[in-house]
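Listed below are the structures to be examined.
One chain, chain A, links the two complexes that follow: it is found with chain B in the first and with chain C in the second.
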Partner chain A sequence: MKKGKIYLIVILFFLLAVGYAAFHKWSVNHVTYITGGVEHPIGCISCHVAPERTGFLANMMNEDYLSPINATANHDGSRLYVVAQDADQVIEIDLATNQVISRIQVGDRPHTVEITADNKTAIVSNQWANNIYLIDLSNGAITDTIATGGGPAGMDISPDGKLVYIANTYDNSISVIDIEAKEETRRYQGGNFPTNVTVSPSGDMVYVSSQRTIPVEHRAPIMSEVTVINTVANRVSDRRYFQSAHIMESIEFTPQGDMAIATLVRPKNLVPSAQIEGGWMINHGIGIAMSDGRMAQFLLDEPNEFYPDPYNIVIHPTGKFAYVSHSGADMVSVIDLDAIRTLLQNASDADLVRYANHLGLSSEYVVKRISTGANPKGLAISPDGKYVYVVERMMDRISVIDTEKMEVDHSIDLGGPTRITVSRLGGQLFSNASHTYHNQYSCYTCHPDGHEDGLTYDLTGSGRNLANVQTLRDLNHTAPFKWIGTNQSVYKQCGMRFSIFVTRTESFSPKNLDALVAYIFRELTHPPNLNRLPDGELTDAQKRGKVMYYRTVTNTGMEIPVKDQCITCHNGPSYNSTIMSDIGTLKENDDPTLFDPANLNNVYESAPYLHDGSAATLEEVWTKFNPDDKHGYVNDMTKDQLNDLVEYLKALPAERYYASDQEYEVTTGQLH
Partner chain B sequence: MLTNMKGGLLVIVALLAFMTGCSEKAVHHGTLLFTQAPGANVSVESILSGGYKYADGLRIVQETSGSMEILTDEFTSARAPEISYDGEIMVFSGKKTTADAWQIWTLAFDTKSLTQVTSTTENCTDPVWLPDGRIAFSKQITDDSQVKFHALFTIDPSGCCEQRITFQPHDDMNASVMNDGRLLFSSRQVYPERGALKYLAMRPDGTKAEIFYLPDSSVNTLNRACDTGAGKIAFSETGIYRTINFSRPMHSQEKPLIHGVDYLQSASSMEGESIMCSILKSGSPVFGIAMINKDSQPDTSSEIHDAANHLIEAVVVRSRELPRKLPSLMNMDDPSGYIVCLNAEASTIPADLTYGKSSKIQVLDYTGLIGETEIESDGSFYVALPADQPLRFQTVNSEGKVVRGPSSWIWVRPSERRGCVGCHEDSEITPENVVPKAVEKAPVAMIK
Partner chain C sequence: MKNYLQKLTFTQTTAFLVVLSLVLFSFIMPVGTQDTANQSTGTDKSEVTEAKPMPIYGNWKNYTKKDGLPADKIYCVRVDGDRVWAGTNNGLAMLENGKWTTFTEKDGLAHHNVLSIDISPINGDVWVATMSGLSVYSGGKFKTYTQFNSGLANDVVYCVICDGKDVWTATGGGANSFDTFTGKWGIYTEQNAPMHEPWTYNVCASKEKIFIAAWGGGVIEWTKKTQQFRDYVDPDGEMEIDLFPDDGVIHDITTAVSYANDILWVSSYFGMSRYDGSKWKGYFDHDSGLAGNFINFLKANGPVVWACTDNGMSSFDGNTWVTYRNNGTEKGGKVIIDGNSPNERTLSATSSIAHNFIIGVDFKDNEVWIATAGGLSKGEIVSYTETKTSKL
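Showing the complex of A and B:
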């Protein structure tokens, strides 16, 4: 070999070695930066493949799970119908053989299934399609599509079988559908994010639970509405409130009709989180709307042991026992309703206040805790009361509880993928509270459905630096995170400081943190924006608001400094940027800081606004908290112009819902 | 010497070794360790009262397949073996000569290497491994109260970085670690007067101490408790076996009757919800060792007795699942800790109604008042307290007359934030969700 070649090889080796060393040094620094300086065996795949929604490698790494959410048994107990939310399916199970016998493809993001009294028709709410399907159960054919309000979720059928009542989560309404006429006959105003419906045994009352608090004063106790519809008078006859509670995912009347029982969460967001040991962060329980007009709440937690995220409730035909799924604790609680009735019988108002905050009282009425698979959501009970069917969302499985033995008798596999992907593990972690102190709350508790709970917490435990919970939907590629933008990645956001200030227990292992990041980025998405016209176009007001959003001159023709134009800080697919700004919203109880511009996708469903939740509405962001035009130049706008701007902001959807004109490409100020 | 060792124990220990993966474990896994106390020198009463803890002539014995080996030959007295979570190192308290103070030592099973962990003139005893690899123990100290008592400390196994974690004139002893990562220890006030025994739970950095269990006031001893892993905490209370539920410790005491057993001295958790205990059988002059099953009954086939010696503080050498590693909330640069009380009027202790409503909260140390502040109209107060020193609260009316208090001793660690619903409130009550007025202002500094 010639000397030249040898030299060349040596030089190439040298360059490769130097290059490798340089790359290695760069990658170590990069990972150290991304993870916030915490030692983490992170690989390229963790950030650049696993969290992605598209791409060959991402598709290879991931699976299409069924993710069942709710179920119902038919009226002779021979079939179970399961809503598989991620697969857009209703799965039919023969309960004699415990086998899946059919899969019916339904609409976008189905939520609940109900069966008509004759067992011939299934009614499915398609939450992201704003309609329900009627399915002929003899052949699985979809016979009718009936439009509802926005985001139809929980349903219940009237005892005479003629009407179905539907909670429309996204537009706060309640639809009444005439099943025979196949049309919506009435629509009522519900609470905030209505979620579920129960019709009284006599059929004269309909109670609708809601997920979020009604608007309250900043830093005032929350209150969530149970909307009461008088079906005889055909009107909303009452709006009853559970004080200091929200996330009422389900509600159910007892067969006696003496109680409507809702699952609920009792946050302590107004209390400094200085004593999580004593349950000072979040409690979980049930709310009871009694037929005598009283409202009571009972915790299902215990001292030192919490049972978070109660999701669904079913009641035994005898009315003696209720079963509540705790989706954050992989558990079903069995509640002795006669014990509850005894407690309520002579309870004074002071007693009811005490019951609502008493961790030890549950030992008097929770008679059994039954372990389930990951993330138990919907429950169904057989007509004879012998079995409770538990929908294990993160297992693609149904567990069957023998109500006499009060234990799981057997399970039914729904046929989802058997491999647990990184993202799926993340989903299991996200929905499970075992990584918080005494299992007090899961990620889901403050981020229901991957969104946010609308509350502002005092996480420092000092009354300072209050933090309004932010949505986790469509978060990938929007770093930095946190209102003050100090977290360059979710690895840092959910790292050691998170364990000190939020979970208060051992921090996530690197493997679990990888999984959590993958799940949050890949799976949590905004629903379709309902504020646009059905064809996706902007209304006239929204178009006018768009002009205001992109404007560069004031009403008087004065040029607006670039830093004060909306599009400077809120641009691109998520309408954000990395420009840290003082927008004049700091309060006396805030430490001096700059703010990271918030993402504006589907911002209409994230009230209240600003870092401390002090703006109840988008309007208030500018009418109350922008006196000096630090948060965009708006004070010259007329009332109508501001209204138009707000209308446009409410119409900003998530990236994937944009029409082909890619109207978010506003960085150049280009109008479409 | 060993007169009644039954094959059952060997079978159980062998089974345990198998269940814990004996094929990959060293031979010491599955063996039994205990403290041997000569019956001639140590009375049953002394064991029941805890008086034996500083006695001479105690030794730690390892039982392996029926043969006994004294592990602490070099010591005048040694006791309280505890096994690291990987099953590889024993920590214990011992002294080499009668003139020495008791110190904390470790012994590595594979190398038999002995390491002195503490080096002090004070007695150190009852060590326990923490999930982060440090060791917690009790040390006999005095402070400005001029009274001798035991405080809890932590230290690295290397002897580095000793840190005191309890700061009250109490005998804080018999620490164990619950599966949630907290320390559980017995505590009895010794100054200004002797108080009642109780179990306190706190994070291993000394923050968030709170009453976990309050026994009857007649109880004389609370021994080291063990978390059974099945939602129960098992322990000996004045020599009687007790269990409480982890999830409702103040209201769930059970008194399982153990057939044929008069007293029970120590308990350590085993696989399968069983407890390894030291028991005094009816008519026997000395304590022996037995397994108590999950139904609280002794496995008679597994008993070990030695007619001449008490066999106490038994533990099985095995690897165990690590409890939670709780992150520390402290910032040692902060000289203060912070307490927010939501309602000083909320209390299970009746106020002295002679003096009406409380208007101020006062903070006291050994010498008296160190600061006071107004109670807000909603009953709340928010104070910054000097960290790492014993303090008490009392409420007074507008004329300075004491309405409630003084409270029992408390302490806060540097930058610790602690909250209370009221003063001696029902610990099972969570707060109503309202903003306490006191946190709308900066904390009031209670500095002398």
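Showing the complex of A and C:
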């Protein structure tokens, strides 16, 4: 070999070595920065491939799971219909053979399926399509599409089979559909994020549960609504409240009609998160709206063991037992309703308050805990009451509980992918509470459906720096995180600090943290923005509001300083930026800080607003909390201009839906 | 006969059938269609109620504070099935099962001065316009919209109506629309509508249009389909007199609008106007049976319009005026039929409306409910015989 070639090889080797050393040093620094200095064997793939939604490698790494959420048995008990949310399917199971016999493709993000009394028609709510489908079960054909309110979720059919009542989660309404006429005949105002519906056995009352508290004074005890519709008078006849409770994912009448029972969560967001002997941060249970007008709550937790995220409830045809799925504990609780009735029979008002907080009481009425697969969500019960079907969302599986033996009898595989991907593991972790002290709550508990619960917590236990929970939807590429922007990554957000202040347990393992980040970034996403026109275009008011959003001069022609223009801090696909600002909203109990601009995608569904949740509506952000124009220059606006601006803000969609050059036309060349 | 019919030519047969049809049609045709004053002019193709003889109301029952109302000054009244709602200067009152229940700020009502009430036809919610915000009563609870927490144009809300899913308000800062399905607010002022200024008093809906009574702007008409405005103002431009009779709405300062049977009725502090889609007609207290020119409110019930004046309650079906007054300090009242006409008759009555300053009116079957400055009055249709000294 010639000397020249040898020199060349040596030089190349030297350059490679130097290059590698430099890259290694840079990558170590980069990883250290990203993880907040916490030791973590993070690789490039963890951040740059696994959390992505598109791309060859990301597609190779991930699978299309079914993610079933709810189910119902038909009226002769021969079939089970399962809603597969991520697959947009209704899966039909022959309960004699326990085999999937058909898959019916339905609308965007289906939520619930109900079967008409003649077993001939299935009604499916398509939560992201704002409609329901009627399906001819003889051939699986979709025969009709009927428009509803925004985000149709839980449903129930009237005893005479003529009407279906639907909880519309995204616009807080309740639709009444005439099944024969195939049209919406009435629409009622529900609570905050209505979730589920139950019609009384007599048919004269309809109860609707809701996920969030109704708006209350800032830092006042929350109260979540059960909307009561009188079907004779055709009006909302009552709005009954469960005090200090929320996340009522489902509600069900007993066959006797003496109780409507809702699953619920009791957050302790008004006290420092340090009082473990008093139930610590979040408890879980049921709420009972009694026919005599009283409201009661019972915890399903135990003093040192918690059963988080109760999702669904079904009641045995005898009315003696109720079954509650705990999606955060992989468990089903069996509740003796006669024991509950006995407790309620002579209970005083003071007793009812005590019951609602009594961790030691559950042993008197919880007769069995039945382990299930990962993330049990919807429940269905056979007409004869012999079986309870448990929808295991993160397993793509149905477990069947024998109600006499009170144990899982067998399982039915829905045919989803068998491989557990990084993101899927993250989903299982996200929805499971085993990583918190006493298994008290999961990520889902404060971030239901990957969103946020609308509450403000005192996480430091000091009474200072109260934090309004933020949505986890569409977070990728929007760092930094937290209101004050101190977390440059979710690795830091959910790492050591999180375990110290929030979960009070060991930190997530590096593998689990990788999985959690991948799940949050890849799977949690906003629904379509229902405030836009059906084709995604802006209304006239929204177009006028867009002009206000992008304006650079006041109504009097004065130039608005760049820092006071909306677009300066809220731009790009997530309508945010890294410009830390004083927007004049600090309170006396806040440490001095600047704020990281919040993402504004689907901001209409994130009330209350501001870092401490003090603004009840978007309007209040500017009418009450921006006297000095620090949070954008708005005080010269007329009322109709502010209305237009709010209309435009309500129309800001998730990036993937309506991203276009036109939407972000002002984002270049103007900033800084 | 058979042979005879076979011999008829085609022309003869046709002529026979035409004559037969006309004879039959003349029997079927209702006599009421001869009444030109009540003819449908087809401006809006709304449901037209057939004209009946002008009813007379009596057997007045007056509700005051003694009966459980929170005040005697009643701003508005609205019948809601078996319930009756009354807006007073001291809260909202509901009559149910013979008992009054009062709601105030303590119950979540926006303000105790309740100016207008309407019921949603799609869900039965009760919308309440107050001097300090718009409240909706649903399921026994109030929710309030203000100019600070919502798109409400102004907290002074003079009128609220429910038009399907849309709620319209007339406020001190413009007319408002609120889509209860989408939560979208619209504000209509002199900036985007042919108004003189944003002050609006009243609003009503027909099947195809919204009508707004705007201070100084006459009547603003909004067509739902095209979303276009037009206005109806006093063509003579005179504020003191109606210079040219029947040339248009009689005054630019309007207080209320009501649409029924394809007729738009408009009130002002200077008289009342009627518009059939092509012609305007003005009514004053000196040339008609109208009790007074100062009209706070009016509402049409099918073919009959009720004008709430400062001098009694007048009703009019296009032909006949009937005015109700009480006798002030003396007991009883009177009913004046076709006042200011050669045909004027006065009936004395042992019962009467509570006060002659009338602010609101609503109807239920054979009942009329009248909001006055001295209580809430309920009358029912009575039969009577006219003699020289008629009594109800």
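Here is the rule we go by: the second predicted complex is superposed on the first by the 659 of 672 C-alpha atoms of A that agree within 3 Å, B and C clash if a C-alpha of one lies under 4 Å from a C-alpha of the other, contacts with A are read in each partner's own complex, and residues count from 1 in each chain.
By our rule, a contact is a pair of C-beta atoms (placed from the backbone, for glycine too) under 8 Å apart; a residue touches a chain by one contact, two chains touch by 3 or more.
Model, not experiment: these values are computed from the prediction.
Partners chain B and chain C, once the complexes are superposed on chain A, both fit on it without clashing. Look at A:D640: by the touch rule set out above, it reaches chain C but stays clear of chain B.
In the superposition on chain A, contact of A:K268 is made with chain B only, not with chain C.
In the superposition on chain A, contact of A:S173 is made with chain C only, not with chain B. Legend: residue contacts after superposition of the two complexes on their common chain; A:R187 is shown touching chain C, with no touch to chain B. Of the two partner chains, chain C is the only one that A:N531 touches; chain B does not reach it. Judged by the touch definition given at the top, the superposed model places A:T539 against chain C, while chain B stays out of reach.
Touch criterion not met for A:K320: it reaches neither chain B nor chain C.
Between chain B and chain C, it is B that contacts the larger number of residues in chain A. In the superposition on chain A, A:R239 makes contact with chain C only, while chain B stays out of contact range.
After superposing the two complexes on chain A, the shortest C-alpha to C-alpha distance between chain B and chain C comes to 21 Å. Overlaid on A, the two complexes show chain B and chain C touching no common residue of chain A. For chain B in complex with chain A, the residues that touch the partner chain are 180-181, 208, 210, 231, 246-252, 324-329, 338-340, 342, 382, 417-421, 427-436, 439-441, 443.
Considering their complex, residues 149, 171, 173, 186-189, 227-228, 233-239, 530-531, 539, 541, 616-617, 619-620, 623-624, 638-640, 643, 646-647, 650 of chain A touch chain C. Remark: chain C residues 81, 122-125, 136, 138-141, 143, 147-151, 153-154, 165, 173-174, 180-187, 189, 191-192 touch chain A in the complex. Remark: chain A residues 219, 221-222, 244, 266-272, 274-275, 277-280, 283, 299, 302-305, 353-354, 357-361, 363, 437-438, 458, 460-463, 496, 499-500, 504-507, 589 touch chain B in the complex.
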